[in-house]
Amino acid sequence: VDAASSDQLEGRPVWAAVPGFPRGLGFVSHARALADTQSGQIAFLATPARTAAELTPTLLERGLRVIDLSGGHRLPAEQYPDWYGFEHPFPDALDEAVYGLPELLPAGALASARLVANPGCYATAAALAAAPLLKARLVRPGAPLVIDGKSGTTGAGKTLSEPMLFSEAADDVRPYRVGKHQHTPEIERALSRYAHAIVKVAFTPHVVPMRRGLLCSVYAPASDEAKPEDVVAAFDGVYAEAPGVEVRADAPPETKRTLHAPQAEVWGHLDPRTGTLSAFCALDNLVKGAAGQAIQNMNALIGEHLQAGLQPAPRSAT
Amino acid sequence: VDAASSDQLEGRPVWAAVPGFPRGLGFVSHARALADTQSGQIAFLATPARTAAELTPTLLERGLRVIDLSGGHRLPAEQYPDWYGFEHPFPDALDEAVYGLPELLPAGALASARLVANPGCYATAAALAAAPLLKARLVRPGAPLVIDGKSGTTGAGKTLSEPMLFSEAADDVRPYRVGKHQHTPEIERALSRYAHAIVKVAFTPHVVPMRRGLLCSVYAPASDEAKPEDVVAAFDGVYAEAPGVEVRADAPPETKRTLHAPQAEVWGHLDPRTGTLSAFCALDNLVKGAAGQAIQNMNALIGEHLQAGLQPAPRSAT
Amino acid sequence: VDAASSDQLEGRPVWAAVPGFPRGLGFVSHARALADTQSGQIAFLATPARTAAELTPTLLERGLRVIDLSGGHRLPAEQYPDWYGFEHPFPDALDEAVYGLPELLPAGALASARLVANPGCYATAAALAAAPLLKARLVRPGAPLVIDGKSGTTGAGKTLSEPMLFSEAADDVRPYRVGKHQHTPEIERALSRYAHAIVKVAFTPHVVPMRRGLLCSVYAPASDEAKPEDVVAAFDGVYAEAPGVEVRADAPPETKRTLHAPQAEVWGHLDPRTGTLSAFCALDNLVKGAAGQAIQNMNALIGEHLQAGLQPAPRSAT
Amino acid sequence: VDAASSDQLEGRPVWAAVPGFPRGLGFVSHARALADTQSGQIAFLATPARTAAELTPTLLERGLRVIDLSGGHRLPAEQYPDWYGFEHPFPDALDEAVYGLPELLPAGALASARLVANPGCYATAAALAAAPLLKARLVRPGAPLVIDGKSGTTGAGKTLSEPMLFSEAADDVRPYRVGKHQHTPEIERALSRYAHAIVKVAFTPHVVPMRRGLLCSVYAPASDEAKPEDVVAAFDGVYAEAPGVEVRADAPPETKRTLHAPQAEVWGHLDPRTGTLSAFCALDNLVKGAAGQAIQNMNALIGEHLQAGLQPAPRSAT
């Protein structure tokens, strides 16, 4: 790590904000970090979406490659006003951005990328669960997918708000932003890509009383020809070579199994009684759903093994 | 309370097993309790489904009225082998059983009932959420409903099993019994009744890390004519006079608001972008989802106000 | 309830802030409430300590009786600058205030009181645990008591701060304000009263990951003559007639048993191997540790049974 | 890893029981593993105490070195009947066992050891907190130490019991085994070693609602000469070179900071008002309190850096 920048934490050591980080490096301002950049470096942006959109062109001009963890490069320009509340300042960058869900990209797709839009946690889980069904054409054409998301509280970051207090969030399950969560168009765009067709989703996120971990339950009517064994084959096929996704053999995933892990777990099922497909993906929203996936994308940019530098989860005892 | 019976706890005082119960009464055996019954009493059965099915005819013959909290009288006879694993011993009783979801029954329907099948917690929540949509014909005809249930761990009772240990259930969300939960046919039967048509459901329960509380999220494609304001009107119409159900004005329900409460909270929504209806019901699985509803049914049997004897939730501070 | 006042919530209905409160009453400003007071009423103050100290003399002059839930009347005047950070404006009121821990007051002590200092949650638990040991002279004279408090997060109210976020407080136990918590002098004053001697305490509060509930573990060297059976006798003796305190027979208390309950649970033990006394009190910090005790004090003021109007805890199932 | 043995899991792959373990190795029976041992290997025993006591002499005879994670070699022979309920079968081995708390052992003490008694989680935390106070003679001579332990539920392993169910352990804090926990004599023996004097402890463990993590709060009367700066100096002195212990600068430790970490956090304080010392240690009971410390002991046996092979905690985000 050459530099870490934060206008808020400027001057403080990184380890004070990030326990476990080696001693030494301190935060500099964004302006200072920008002035010191050198061609060939990789910049990780974990800023508000608008800031990332504004910073990116300068970084690209200076010869850096950019991995944007914010929502700054995930949608087409025309959707920014509605879902993010601002006019995108550099629509050209959007055309160049590669949506960085490595398990669902063609091999080598990131090798020459300059700008990676690192997916959101809900979109990662929804896409990993739904893509096998769509790629194998198991979903009834034209039917919207129902996506019921369950997330721990770290999905909301450290913003202070009453509903995020322990006293309010413990012992509680609640849906939020029904019909208007900003990850909706991101999920639709990703799924449409894998389906080679327009896919609509009815996405309903829920917050559940745990710190980390996210489960997306995806439901859709099956096409008339779909059979239970097709579902198994679809998941096995898509993820056979994917080090970051584990297909469970005979049980749905659960979030605890993925805590701190750079892997997601997935599983699919067809209920012949009702003709309904269900698919599930569990992951750690802070690892495979965010920073860990950014590392995978960096590995893809520089030709390393996808999981290089990522620790397996410390799951030995419980 | 005239008697409390338990073959397991025979001889022990009730308050030792049920903290807060007044001192005095002790458990007797089922046989002894049965011998002492008197015509006109009301028997609450909270036994395994098979035991309840076997005990009920004798109780009815002796002139008691029965409220069965188990699954012993919720399905037609032919479904018992598949979903409960036994042949129902007294199919005639099934014809007589009234499904005791008082808010969805015609006024007076329980006044002369001898046998009440007290609904399960998931079925109560699913029915309270879905019934207004079905009664108002807002759901596309023939489409199965997707029901995503989230339950605290007390739904599983006190049976000892590794997944129910704190160390396993904390920090975890997991789907279970996908496509085969025994509440599925109960939900379908209840919804078919309110829809005056066959309703199929794809029901997927999830366990979430909290002790009490249950949320059902119901999703369905809307009929072509359905409009957002129809959803609001449907909920307000069905529950206008229902003391046990509160229709939220402008936000989905959350489980914490219903803890210890004899009320459920419901809310519906139509997403015009995808033509998807969503409806939510939160309740305390141990109160409105079980014992509290049994008290409401008793009140209906004896002509009392539905909430008589039920304390409002102690929600003053948090 | 004649009036509810809040400068912050003025104009809003009470039930919107206090779910479960009957519809009708709305908040008025403190000034308006004050203008409308009538002699003979009882005012509950749940304001910052300084505000309560300032409001009380006016209320008393107008003939009201006051139950102050804040720390405004719990200490002698000279301790306010150090522990609460302000000079007490009306030291005379402090002389009149009765410390309202009804189980430890002589019968009738509140019958003619005009001003009750309603104890804090930690002080209530610490006093209920330690008082029997001190009254029976089982503690080595002069030895400070070690009090290790464990509290759920509602003890901190709804103030927004990063450590109180679910993401920070879950999965965490941490000591705080070691050696300087403002309940320390309150506990010492209460215990000195019951010991008829100066009692010092080393009080260390800890926050644990639960919403409600508080446990104080009290440790002290035993006097040379103390015997295990003396401890049992001391607890049984002090609380024989106390409806708000349950002495456990053979096991320490646990917080879950007291959730929503207007009773505390206590238990004492002498370890003959080390000559160490330990005593424990569990209670719900929002009921017996705050509002519930205020109702008990009101009952004592007006000559009602101590638990009148207080619901037993809804503990039927878990 | 040459072999993994378990009579219960014989024949199953290790990764199925230990998620994250590399594929390949399977469990063999203890007998089979014993038959295949080779001189120079290191055996980790994580069995019941009695089994470990029985297996150890054979392993030593065959030239292996043994790290016993059970309580099989932590006490003198005469204490086994009282605290562990069996007569120790090989008292000679007890004389040879080195108590493996590496931060508190003289440098090189483990280099030639054949048998390491790996400390329990409570004893590790209690010793790391109390040792600096005792070594620096800050505790009043002869006074017993009060140790209030707070542990997550994984301290109890996966044994099925009602109090360990999520429904029972959530929202609950409770003391257990007051005055008779089997870690008491282990703590006393460890502390007596560091104090060069007999140390008695009144140890009271509590279970708190979290999966992992343990905090010991240690209280003792200070000697007359002890000053606050002595406490700081004592902690800094003892742990200056200890990679497995972090002395916090100005705040007590909290368990969340140590989750998954091979480090413990400690802090000490002298309250001059009451002359009471307090000291705190937080650690992950499954890492520094168990398996991680066993790895440290292995490293010490073979001359590696203490933290070799131990991952720093994944604490980047929360």
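In this document, chain identifiers A, B, C and D correspond to the written order of the chains, with residue numbering beginning at 1 in each.
As a working rule, a contact is a pair of C-beta atoms (placed from the backbone, for glycine too) under 8 Å apart; a residue touches a chain by one contact, two chains touch by 3 or more.
Predicted, not measured: the structure shown is a model, and the values here were computed from it.
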Quiz item: Of all the other chains, whose mean CA position lies farthest from chain B?
Solution: D
Quiz prompt | Selected from C-D, B-D or B-C, interface repeating A-D by over half of its contact pairs | solution = B-C
Self-check item: Between A-B and A-C, the pair with more C-beta contacts
Solution: A-B
Quiz item: Just how far, in Å, is the C-alpha centre of chain C from the one of chain A?
Solution: 47
Quiz item: Using mean CA coordinates as chain centres, what's the chain B-chain C distance in Å?
Solution: 39
Quiz item: How far is the middle of chain A from the middle of chain B, if each middle is the mean of its Cα atoms, in Å?
Solution: 37
Quiz item: Going by the touch rule set out above, which residues of chain A reach two or more other chains?
Solution: 152, 154, 158, 167-168, 170-171, 209-212, 318
Quiz prompt | Interfacial residue positions of chain C with respect to chain B in the complex | solution = 18-21, 154, 158, 171, 211-212, 257, 260-261, 286-287, 290-291, 311-318
Self-check item: In the complex, chain D residues that touch chain B
Solution: 152-154, 156, 158, 160-162, 164-171, 209-211
Quiz item: What residues of chain B sit close enough to touch chain A in their complex?
Solution: 143-144, 146, 148, 150, 152, 167-168, 170-176, 178-179, 200-202, 204, 206, 208-213, 215, 217, 219, 221, 252-256, 259, 269, 271, 273-276, 278, 280, 282, 318
